[in-house]
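Think of it as A, B and C in the order they're written, each chain with its own count starting at 1.
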């Protein structure tokens, strides 16, 4: 288990370094001076010179690469000349908002997705199963930001039940919770279909295993066999998917956050892209990639702990 | 594949209600895109501020937007934008993935290791984050959009091709062919290529709706297709900004996105089942 | 002689497959009395596992009984509804599965599963079910039952798992115990121990036991009576000593001749039965074994063989064995 953990973490670190290197190379491969690129056409020469110095662009390239890595490792993702604040500070200010949104979206999607997937197996090969299948594909394919806009139209503009924009009044959990409902709904709905499909497929596979036959041979009712004996095993692969899900849902939150004007990583980065605020964009991308790798790696290790069979394989 | 096989696949596709519905929707949008000038009732970028925010009527079947442009015409031309970008990007990415995957699977081991690390790194980058990074560096526009899609999609395709190539390299007929002195190029093009193209096409077709969504999303953020060129994304954005003044705009502007992604997804699923049921799990995973 | 606890009467079962059906069981009749051990022998694919599965109503969704009855204490369980059949499982008729590695759920402890398996035991509180499970584990020779209760299946050795599986089957004192290849997945010492355990339990509980195996050694050591199956039919049925000393069906003779345990040292090569099992989606008109039989005549290939009784409690399905 320890060897596996070390290997898995080492791989994540190597990937993160490759990503950093690739992004760094990309900035330098694209024609144009990164400082002017970052500052845009209206920048004054003085500002450009200041930024060049700040970014260390006067140094030899290899030296710059070394600096970039060293700073990134110590958590220094650069300095934002617009807001005059370190990039990491801004990311850490906005990230909790996005994380809450992502967790809320995945949370309700997981609950409903598992229920629908298990229902499809209990009712397998009936019309209900086929209907759930079509529904899942439909949910997966509809873009979240379109759902977001329709949700605003219906629940905020027409019915006036929920707020259309913002993250609620700071310090008022009730208003923050109300402001979370529509974005979490829009962001999670695709995952309901995805998880339902995954749980169904995984559960059907488990239902063919010998221990299921044993449970039936002792006269356990089918529902109990599916829910207790099947689902417990079938749920394990969804943990890996959830980790990937959290990583990717946080970045697809970009659109949903923008539609709802909700402060978060998404609004931070889109604002920065529109201003071509290069340090903020790069810092955010790096941060989100590191977060994604962290979650995925942690999930892999969690699975190795949860599934006694996997655990046993690594113990040997 | 024989033509009989192809017809059998088509019949299988049409006999599945979801697949048939998907094919119908996709054909609808393809016709819209190909024959946009004939299908569209008006010029999609011609302003007529006097007629702004008009609800659907006989003159404007889908109403008009905040600048008095005919919404239906904009949607029809938007189909052209969406499909042109999606097909170009996915096509280029497919070719790139095919080449890189075959190099990884067939080339020397060190090269394979390097490429696999690159693929792994690329797929660890959240797609939208990566897209935003590229847009920041290169600047927004249609070309950037295609570049992003190509870069983001190549790893998945290359991995599929690599796995297929590796699996086939050990197959008896390839080993025999090599023993008889066939060149690597001959083995690649005569034996591997025909065998790996099928699964790749299915994967490509299933990525078309993803690209349509990405294009619309980025255009919605004004980071994709530049106005006034109609894109479903910026049409939706126009609708959103007028959500109180003219709710018909946003209701109608969301439909092509919903229907096209549904259509392509259903078609992709149907195709996969019709062509190769064994792929069910591989592609889904 | 007492009434049979479980009897199978003229049972035919087929599996629906793409483009047709496979006749897995054809006109099978068997019975087992209280305290008796019946062995079902045959090579893989002969239908013995289908028969075991049918007895506990787990033959699968694509299986279809086309004729016959399975009587438990005289009552035809095939005529019961789903719920009533489910109520019998574990309580009246229990099963020990072939592969103890996969027979238990990997993510639940052995104890949790043994408690669950007493589902059909009404009115017994959970605490008592735990105690029963613990006692049964001790009784099948697991020296530290409390430890085993808290373990996951993969944390036990193969022999321990098989003992736990037998304990599970005996939990509710079923009238019939079916063991499907109970020793196949074990090594020789484990096998001997499990055989010993089954003999003890048989003496202790007096339930009827059906042992399905391809291993004639297990049959010789454990069983009172043997049914030999071939291509979905019972071709010979006899008390165990008579079967080994005086086999009547050519297939039984071949099977005994091929048993590695019975071959003298002098033989340089292992004998084998030539040919293959007939296609069960289209069974031959005559005797199913005719194509591989050394003494088959034209009659064997065209006319179904009669069932003859060469002695008390014996039956043979063969033209040539007829007097």
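As a convention for this text, a residue touches a chain if its C-beta (ideal position, glycine included) is under 8 Å from a C-beta of that chain, and two chains touch if they have at least 3 such contacts.
Predicted model, so just to flag it, every value in this text is computed and none were measured.
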Query = Whose Cα centre is nearest the centre of all Cα atoms in view?
reply = A
Request  = Find the chain most remote from chain C, comparing centres computed as mean CA coordinates.
outcome  = B
Query = Counting in whole Å, what is the centre-to-centre distance of chain A and chain B, each centre being its mean C-alpha position?
reply = 22
Whole-Å separation of chain centres (CA-atom averages), chain B against chain C = 56
Request  = Using mean C-alpha positions as chain centres, tell me how far chain A is from chain C in Å, no decimals.
outcome  = 53
Ask   = How about chain B: which of its residues touch chain A in the complex?
value = 18, 117-118, 120-121, 124-130, 132-139, 209, 213, 216-217, 220-223, 236, 239-240, 243-244, 247, 250-251, 254, 257-258, 261-262, 264-266, 269, 281, 284
Query = Mind pulling up the chain A residues that touch chain B in the complex?
reply = 11, 14-16, 18-19, 22-23, 26-27, 30, 37, 134, 137-138, 140-143, 145-146, 149-150, 152-153, 157-158, 197, 201, 247-248, 250-252, 254-255, 258-259, 269-270, 272-274, 276-278, 281-282, 284-285, 288-289, 292-293, 296
Remark   = As the complex stands, chain C meets chain A at residues 56, 58, 86-91, 94-95, 97, 99, 102-108, 113, 116-120, 152, 154-155, 165, 168
Note = As the complex stands, chain A meets chain C at residues 209-211, 213-221, 224, 228-229, 232-233, 236, 306-309, 312
